[in-house]
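Some structures to go through are shown next.
Next, two complexes with chain A in common: one pairs it with chain B, the other with chain C.
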Partner chain A sequence: MSILEVKNLCKSYKGFDLNNVSFDIPEGTIMGLIGENGAGKSTIINIITNAVHKDSGTVKLFGVDLENCGPDIWNSIAVVQADCGFPEELTIKNAESVLKGIYKNWDSGKFESYINKLGLDFKKKIKSLSTGMKMKLELAIALSHSAKLLILDEATNGLDFMARNEILDILMDFIQDESCGVLLASHIIEDMERICDYITFIHNGNVVFSENKDDLLDKYAVINIDENKLSELDDKAVVYTDKTQYSSKALVYRNQIPSGFETEKTTIQDIMYFYMKGGK
Partner chain B sequence: MLGLMKKEFFTMKNYIITAGVIMIVLIMAMKGSGAAEIGMFSGYVMAYISIFMITMIAFDEKNKWDRYSSPMPVTKKQQVLCKYIMQLLSIIILTALFVVLCAVNGKSALYIKEVTVIPVAISIIISSIVLMLSYKFGVNKARMIFVGMIFLIVFALKMCGLTDEAYFITGNSNMFYIISIIVAFAIYIASFCLSVHFHSNKDF
Partner chain C sequence: MNIVISNKDDRPIYEQITSQMKNMILSGKLEEGSQLPSIRALAKDLRISVITTKRAYEELERDGFIITVAGKGSYVAENNSAVLKEEKMKQLEENVRRLIEEAYNSGISKEEVKEIFDICLEEYR
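For the complex of A and B:
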């Protein structure tokens, strides 16, 4: 069963359209939502999290239409965003007291252990926390009410390498329970490559692809060749090219490249770069 | 719902304490003053309380609480209801404190009624308007619209010659007080329904 199913999702703003976005997150997997700034990642997440109304399309959480989701469904969802929504005058202890009254499955013991593990202090006011600490607090909150779907919107932005790794490790632990799923939106592609099972690439409000990460990396390859040799390749084999005065690079379908051509292992970042740059 | 109320409480407790202290100090300082002065003062305090929740909504806007709380297991209606309940509770708590202080100062029940009921009704009506405007237009626009409205009302009263404060404080019947409170609550409930509608249709 899919934990999250998004089908033909559309939303229009002045100067921006989200067009027929579709993807789904199977149980026990991490889906990475990638795309440049302003591609539409946050709009998709805001629609899924009920903060923005969609124009058309369907969103199903645990098989239930978004419009029909009741407290049981929302109790199973946790969202980590770039902004910590709590009033800054509150202490972490106050915030816990608030959340205890909101989530029916709130686990104080679990929260305390995350607070200690992440080096936070219950007595500290939210306004005194650094960006990284706020993010850790949000993560501790997200993991303390038995959520089954964890949604992170640019949650690792602005964090140093160590803090990012700490958060990614926690996500890997979370997904060990195979009834859980994660939707991770970020433009830090290396994080995505490290932990995601599926990648959905959004460009200018459209889904370019939504596929299994390993399949994607198997499907594409990058070749460095001069223009003459490039013309020897079947047009169908070349996805996009990037030509400079001195060299040419191409993103190609690995299985359509004749033997004799030397291919490089591709990365999600390469694939994204070629698709965004476009042009053959 | 309980969690939401706690959040409002933690955020606004310093404001309520400040309002309470100001009230105690000023009432003590005004010991021996006439009904008109105390009535005017209670009106001033009620106006201060009336904008409590607009301050809370401003905090929510600043911290993007509405977006943060959208995926929580609370409905938009509960979120609005919480603000309306907390606003009413602040009015009740500070009115009770005002009544106790007046009684401690030896004021009669009739006197207390005269200087309390109308300011409370006005406070409830002001709250209804500012909350509804805040949910519709956001706090910044709501503040400007509200200030403009107050200016127009004062101007209209001045034009009609109804600015003598004694007119409001003395000589009103019990029925007038009861009707004032009923009308104030009716406006409050209507404002709540509109605010739920505005809040539910908003994108954050």
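For the complex of A and C:
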């Protein structure tokens, strides 16, 4: 069963269309949802969490159509954003008493252990927390009400290296339970790329690809090459090129490059860059 | 067991895992029959994708280095001396191929390569 199944999702706004977006998060996996700002990631998340109505298409959460989702399902979904929406004057302790009332499955013991593990303090007021700490608080909350689907919406942006690594560990911990899944939406995934099982790339409201990450990294390579040599390559082998005055690079299909050409390992970030820049 | 995942390494991550685990098995550092960490536990430890780790284990199993027992876990395969020999032959072949390519790029002829090879073999004996 899929944790989340999105099929042919469409939504039109003035000047922006989400077109036939489809992707799947199988159980026990992490999906990276990537794309530049304004590509449509937040619209997708808003539809999944029922904050915005779709025009057409289907969304299934744990096998249940969005329209038929009850409190049990909503309780097992947690959205983590960089900024938590709590009143600034509340302490973390105050916030917890509010949360206890909201979530049926609230686990105080778990919450306390995450607060300690993440270096937060119950007595601290929300307003005194840094961006990174607010994000960690959100994550602690998400993990304390037995969520099965964790949605991180641009949540790790601006976090320092140590904090990002802590988040990686927590996500990997979370995914040890095979009935859980993670949707990691960001315009920049950097080191998070390593833990993603699948990547869905959204560009101008369209899915460019939604694939197994290892397959993507196998399929594409980057080649540093001078322009004359570039023209020796089969046109079909070259996806996009990036030429400046003194250098030229190309994104290529690895299996269509004859031996003798030196290819470099690519990253998801590279692939995204070439696609967004476009042009041969 | 110690596995190093390097971003500088040009090989994909699953290949870095399989080649290091193969070496540990070939050298006896990982003993026959010993249990390997679960896919999810190893993925967590190395901070890499579960599917990447799964692929590494699947390839190790396909090549006869490990066996997976449903519900119990993965183990280093026993009595795998034939597999080990074959793997060593494969590694050797790859190395020789690299040498030949290097020779070819430097304009060294086939006969000269053979000559050098024979001399070295002779010396070793």
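Just so it is clear, the second predicted complex is superposed on the first by the 280 of 280 C-alpha atoms of A that agree within 3 Å, B and C clash if a C-alpha of one lies under 4 Å from a C-alpha of the other, contacts with A are read in each partner's own complex, and residues count from 1 in each chain.
In this section, a contact is a pair of C-beta atoms (placed from the backbone, for glycine too) under 8 Å apart; a residue touches a chain by one contact, two chains touch by 3 or more.
Not measured: the values here are computed from a predicted model.
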Chain A as common anchor, with chain B and chain C clashing or fitting: fit
Which of chain B and chain C A:125 touches, first, second, both or neither: neither
Touched partner set for A:197, first chain B, second chain C, both or neither: second
First, second, both or neither for A:172, with chain B first and chain C second: second
Which of chain B and chain C A:53 touches, first, second, both or neither: first
Partner chain(s) touched by A:254 [first = chain B, second = chain C, both, neither]: neither
Comparison of chain B and chain C by chain A residues contacted: B
Contacts of A:79 with chain B and chain C, given as first, second, both or neither: first
Which of chain B and chain C A:219 touches, first, second, both or neither: neither
Closest Cα approach, chain C to chain B, once both complexes are overlaid on chain A (Å): 27
Contact footprint of chain B on chain A as seen in their complex: 46, 49-53, 71-72, 74-75, 77-79, 81, 83-90, 94, 97-104, 151
Touching residues on chain C, where the partner in the complex is chain A: 10-14, 40-41, 43-44, 47-52, 55
Footprint of chain C on chain A - complex, ascending: 28-30, 165, 168-169, 172-173, 175-176, 178, 194-198, 212-214, 217-218, 264-265
Interface residues, chain B side, partner chain A - complex: 1-7, 10-11, 14, 59-60, 63-74, 201, 203-204
